[in-house]
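Accompanying notes for the structure given below.
Labels A, B, C, D and E are assigned to the chains in the order they are written; within every chain, residues are numbered from 1.
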Amino acid sequence: MSLLNTEYKEIAWQGLWKNNPGLVQILGLCPLLAVTSTITNALGLGLATMLVLIGSNVTVSLVRQWVPKEIRIPIFVMIIAAFVTCVQLLMNAFTYGLYQSLGIFLPLIVTNCTIIGRAEAYASKNPVKKAFFDGLMMGLGFALLLLVLGGIREILGQGTLFDGAQLLLGDWASSLKIEVFHFDNKFLLAILPPGAFFTLGFLIAGKNYIDAKVATRKPKVEEKTIERMRVNFDAQ
Amino acid sequence: MSILIAILVLGGMCLFFGALLGYAAVKFKVEGDPLVEQLDALLPQTQCGQCGYPGCKPYAQAIANGEAINKCAPGGEDTIKKIANLMGVDVQPLDESHAQDNTPKVAFIIEEDCIGCTKCIQACPVDAIIGAAKQMHTIIADECTGCDLCVAPCPVDCIKMIPIAQTTHNWQWDLNRINVKTIDADDYSNKQSNNVKTNTTEEVNV
Amino acid sequence: MNISIQKNSRVLALFAIVCTAIVGIVHETTKNRIAIQKQQHLLNILHSIIAPERLNNNIYQDCLTITNAELGTVTPQKVYLAKYNDKPVAAAITTIAPDGYNGNIELIVALNMNDTISGVRVLEHQETPGLGDNIDERKSPWILSFNDKKIPAEKDSQWHVAKDGGIFDQFTGATITPRAVVKAVKKTARYFKQHKQELFNQKANCRGNS
Amino acid sequence: MGSILARIKQGRWWKFHGGIHPPEQKFLTMHKPIRNLPLPKVLVLPLKQHIGQKGDIQVNVGDNVLKGQPLTNSPHPMAVPIHAPTSGIITEIKNTLVAHPSGLSELCIFIKPDEKEEWVARHICQDYKQLSAQEILTKITNAGIAGMGGAGFPTNVKINTKVATKFLIINAAECEPYITADDLLMREHSSEIVDGIKILNKVLSAEQILIAIEDNKPEAIKALKKVTGSLDNFHVCVIPTIYPTGGEKQLITRLTGLEVPQGGLPSALGIVVQNVATCFAVADAVINDIPLIRRVVTVTGKALEKPQNVWALLGTPIKHLLTQCGYQKQSPEHLIMGGPMMGFSLPSIDISITKTSNCILAPSTKEIPKDNNEVDCIRCGQCADVCPSQLLPQELQWFAKAKDHDQLQKFNLFDCIECGACAYVCPSQIPLVHYYRIAKAEIRQQQQQDLKAEKAKARFEARKQRLAQEKIKREEKHRKAAEARKAAMNSNTAQAKDAKSAVAAALARAKAKKAQASDDNNDKKSQVSAAIARAKAKKQAKDGIATNKTTTAKTSDRLTKEKNADDQEVLDSITSSNTETTKPNTKKQNSNDNNNETATKEKVLTKAEKIALAVAKAKAKKAAENSSTHHTDSNLNSIDNDINNQNNTDDINAKKQRIAVAVAKAKAKKQQQSTESKNNQSKESS
Amino acid sequence: MAFFIASSPHEHNRNKTSQLMRLVIYATIPGVFAQWYFFGWGNLIQISIAVCCALLTEFTVLSLREKPNGKAIKHQLFDGSAILTAVLLGIAVPALAPWWIIVIGAVFAILVVKQLYGGLGHNPFNPAMAAYVLLLVSFPVQMTNWQPPLSLMSTHLDFANTLSTILTGYTNEGYSVAQLRTHIDGYTMATPLDTLKTNLTLGLTIDESRKNMVFGENFALGWEWINLGFLAGGLFLLAKKAIHWSTPVSFLLSILIFTFIAYTINPGMNAPTMFHWLSGGTMLGAFFILTDPVSGATSVKGRLVFGALAGFIFVIIRHLGGYPDGVAFAVLLCNMAAPLIDLYTKPRTYGQINSNNTTKELT
């Protein structure tokens, strides 16, 4: 049981930090950079990605036994595309308000490399439960990164947080808006795509810095002596 | 109706492409792994086994299967860089546990101690030792890769690894290493005693 | 080889069929609801620019498709006619401002029969967030400044952004976007002024679905 | 060709790319005649003073040598001989610092002059015009002449071209700012130089002879023009002064507009370039039979009171030259052999003059300051503007710093002539040439290593194949032997019995002998065991260091166990490795004299890892099998010994016994083989 | 006795990067003087703020990067490159822009554009222009608030007033920048380029637009003089061989050609060449920005292509772009193209010939 637990912990750690799809694998850059101008947008895309990621991971994991190796990619693509389209249609039909604000992100997700990446790298090799958890954690990692990125850009760009949250969450959310500080002039670069590149760059640098710090603080692993192999002719 | 058409069209397309992929999978199947060959070509072929694999090829095979790329001590940083390049991964520092003093060396047999047991001959991966039973052995310095696999089997410990000396031929323009010394030129007989290293390479303009 | 080909094509086709079928079924089942939702959405917009109590026809059904270069675009545009007891009240015309900072801006302009503007809304745009996107009603009330303006005459120096000497504010730092919107609204209004009679005489021909 | 000549006659020269104008410093020495120096106290002659190989030493320490006597000799064309510059006694032959930028030592001959200047027998040639080309070549070869401009390429090789020569270019450009050695030589010995050129041309029979000389040497030009005025295919080409015109490739372009193809030699264009000083040496050698034992050296620089050109015997220590010219010690001392652009710093004052040393530069501290203010390249491109090879130095330094060898080669690093023009103009003061030299050396070394790796791989594969074949053969032989024995056992006829048992006996005898040879060598036994004991003691000491975590008591305990070759020990060590998670030990099970090779010295290496459990299991299995093999081996050996004994006693009635022995042996062998194959299987499965 | 060991060449012409940089800084003096004469103290104040910020940022980054010893930091700090960047940025920003504009610009130029890429010699973009573009894109309001020439202003703008405006946004008398920009008759002033652009969108022709008083008459208002000042500085640099002739010549020629074509096709909508040469940042760009060796092309051929491309982009942006001036964008775009240009203008190395040529000549 504890073995299982550590395994899930590892999956979570991978998704949230060590192998974070945005920060480390640098996947899904296009939506990541285009949409994170505010924290609200980031939240929307993050939720949508997480949802699709979980769904596609579970689906791919379910069908993985029947998928021959040679045609796995087309099949995964089809599954993801079908999944996204269905979600989009359903949202359009039943939660129109949400679709209005999230809908534009959904088509972006079809081409998000994170999703096909996880399908190929993880879901196609692991049971449903794990694939689900991996999707959840990777999605969460991605969403968290988006939130941080959106937050920073929004603060830098217009000095607010959760501006326009009502568009995503309903009218009650308009009270969420926080004016961190006020300036007359927006810092447009932060809102524009270059600002996203800069911010992401600094975030990645920060992560590497933290990792390096942690690595130096860790006590050196005890020295191993290697097993020197003899070139063995008889074994061949 | 439109759905039916969509299903038919997509189904048909997939039949075709599936067939194509199936054909391609059989037709273009790569026998063996060219990657291993490429990796093997990058390794220094000392066959020293310091990486934990019996020879360079097995290690190349292991790298292709995901083994760490930083285990080749004789290749050093250069080889790691090249492998990293080939594998598309980050360069890592040499794994300390595999790191030995990897200055180029050749083996040398102290001839008076050699008992002619041929054990080193059997250990040498590149047939660089000649000799016969009860005959004194010697090393073909040109062929020796400096792997030091012959050192351990020797029952009388008569094999030494000697670093390859620096000559004007293999000098690498390392001006910092030049020993500046002044010797009394007028009296060469005194030279030995006067061999004072002033050890002042100064601030060398490198 | 044959086995591989057969197997792969069969599996791929199977997945394709299943996936397409699922999408198709979902599409079929949600089709109507989506249409209703869309209609509702458009209706909401229309109602926001033409007060719902001013009309009693089914504005969504009373719709024309027109193509006229005077609108500033050659793509077919829609005209929704608002009537009260079959008497023309106002019309909402969609249009495109082609010279936005970042491409086309899709607008809907509602015009009263008395040659004033009832309201303008932006349907779609790609303007710079935080700068040009203030034309969106959700971001800034700027678009409301058109309300109740009189349709301008041929040479009206007032129908410009402030920078060009007109009455409409530009956003600080962004002149191009409001300039484009003002221009498009102006063109649409003029078109309406000239053609309002014939518009209301035409028969509805687009049956409401977009 | 015709058009080229027309242009040459008009004095319209072609341009080569780049070049610089470093400030002229020739005035320090150019107005003083060449001085003759007193003999130094000692002459130090490096065996190799040129490009190529060193010859074999012909003399011994203590020998008296005469002036002009060859000291080395070699049939190799790239190994030119060296000669004694004066008569004297050879005091030493040993490694000492030589004139090389590395400051490394090479083998040198030390001669203590006896001041008698006794010549070896000479054959002065009255009329060199009578000599055949082959005779001239031999004379030049024996005189040890190598290019005296700086590179030192053996002259005999250079003029021995297969291609018909169109132009013989005499390089008198001497473009380095300080050097005036050739200038003075031309002024004082112009007729000898022209003689030398004529001699060279007898070998080359070039259509035109171009003497290229920069316009900053008016007197030399006058002297040369005077001597060559009457000769119709001689052209004294006065070319503008620009560094590095003296570079062979640049000079060719300047005079003829042709470019030496990449990686090619001038001879491919039908051009041979020779230095003026070389021409003088050729004349001396062919006419006067004086080998190359002296040369003009410019001793210059502001650290000298009397900078001057001097006739220096090869092997003269620089210290001698400097004292003669009034050297004022600087701090730190900076001595340069060669010019300021391409010369190299000397690490000592005791280095001697060689065939290629044309200048000793002793600058004052002010003259060539030692600032080291390298900053980053700002890609100003000035280096590319002055590069005579039209390289992109700024790109090259970038790649050189990054050690990107592929890109370096793609950007033609090896076309760099190391003239130093780029580093001279660099505003960021980057020692560009130095980076290129390092990179070149590294690439060359890398190429050598690659070659070596290739060879090693081939040998490794060959060995593998050979061993595999041997194994198959061995097995085949064993199988046949076993069959034979079987047949012998089964057969009833005495004759067959006899024959077969004889065969078996012979086989057994051979085996025994073999075993004896490797194991029971009585003569050497004591010696061997002594050596082994020594080695063991050494290893024990090593083990003690390596396994400092285990107590010495334990170590010694283990060693005693090892001596007994106890199987239990192996298992012990494995189990201990299971429990020991802290530090894995390398354990050695030492040899038992009676065992054969593979079993004698088995290194049991253990590793504490996560998967230790599985590994240990597999190992335990393997060890168990090994030990069983070992038992069968010892059985085999005891049988062999038995046979041995029997062979010693001439026994006629022992047939039955022998057969029994053979049977036992076969059985043992079979057992061994099966265990072996099992071994292999288990190895594979593990 | 100590021996000094060095690699050849031992001689050096002792030109230094820092001297080169200093020379370029000196060469900006005529242009800056013209700016001061016609527009007051604004740009001088901007330059000084920029220099301080740039040096401070450079010092901080160099300290963080832990170069071997303190001497090295000092050495690098005053190699002139940071100061030059700051000076160019200070010249480029509007004279009355608030102080934080220039601070952000200078810090961005040094920190992000220069040091994050590896410091001197490693930046792919010209730091001053990259920072200028950042400011222009981020703060379009402040960056387009150009102050009219002193002679057209209703308020007297002395040093104290200028400083106060830059630091607080208001003069000592309490006028805002917007008020300062207002002409006596209530019309907000813009630069000639800006005015031209606005008027063209309003359907006026060039000739009609040029009747606007910001254009002045015959060089009277200073924009032309500033450009001439930078031209003079540039010629000084050429004379000193601090910059190579190829880039400015090809840039200006390329502008000449393209504007001439445009002018010939439609004189009503396209300004003449002389206007383009002497307005905006043309001369500054030609002699001080494009000639930045770090971010430019290296070979002569490459520089010619580089300059011509910059000229083309410059004209395109001025005619069709959203911003009035195109120098900064043209420079950045060309910076991006520089490695490619370098690759394709790589000189033929000595001896790299198809052997046919040589043999033909000999035979």
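Criterion: a residue touches a chain if its C-beta (ideal position, glycine included) is under 8 Å from a C-beta of that chain, and two chains touch if they have at least 3 such contacts.
The structure presented is a predicted model; accordingly, all values stated were derived computationally and were not measured.
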Where chain C and chain E overlap in contact partners, by chain label: A, B
Shortest walk length in steps over touching chains, chain A through to chain C: 1
Identity of the chain that, by mean CA position, is farthest from chain A: D
Chain whose Cα centroid lies at the greatest distance from that of chain C: D
Innermost chain by mean C-alpha position: B
Chain pair, B-D or B-C, that carries the greater number of C-beta contacts: B-D
Whole-Å separation of chain centres (CA-atom averages), chain A against chain D: 57
Approximate Å spacing (C-alpha centroids) for the pair chain A, chain E: 41
Whole-Å gap separating chain C and chain D, where each centre is the average of the chain's CA atoms: 82
Set of chain E residues in contact with two or more other chains: 1-7, 139-141
Residue list for chain A, restricted to those that touch at least two other chains: 70-71, 74, 185-186, 188, 192, 224-228, 230-231, 235
Of all residues in chain C, the ones touching two or more other chains: 4, 7-8, 11-12, 15-16, 19-20, 27, 131, 172-173
Residues of chain D that touch chain B when the two form their complex: 41-42, 91-92, 98, 100-104, 106, 110, 317, 319-320, 332, 345, 347-350, 370, 372, 403, 431, 434, 437-438, 441-442, 445-446, 449, 452-457, 459-460, 462-463, 517-518, 521, 524, 527-528, 531-532, 534-535, 538-539, 591, 597, 601, 603
Of all residues in chain A, those that touch chain B in their complex: 69-71, 74, 223-232, 235
Of all residues in chain B, those that touch chain E in their complex: 173, 175, 178, 180, 182, 198, 200-202, 204-206
Touching residues (chain side chain A, partner chain E) in the complex: 185-190, 192, 194, 198
Contact footprint of chain A on chain E as seen in their complex: 112, 134, 137-142
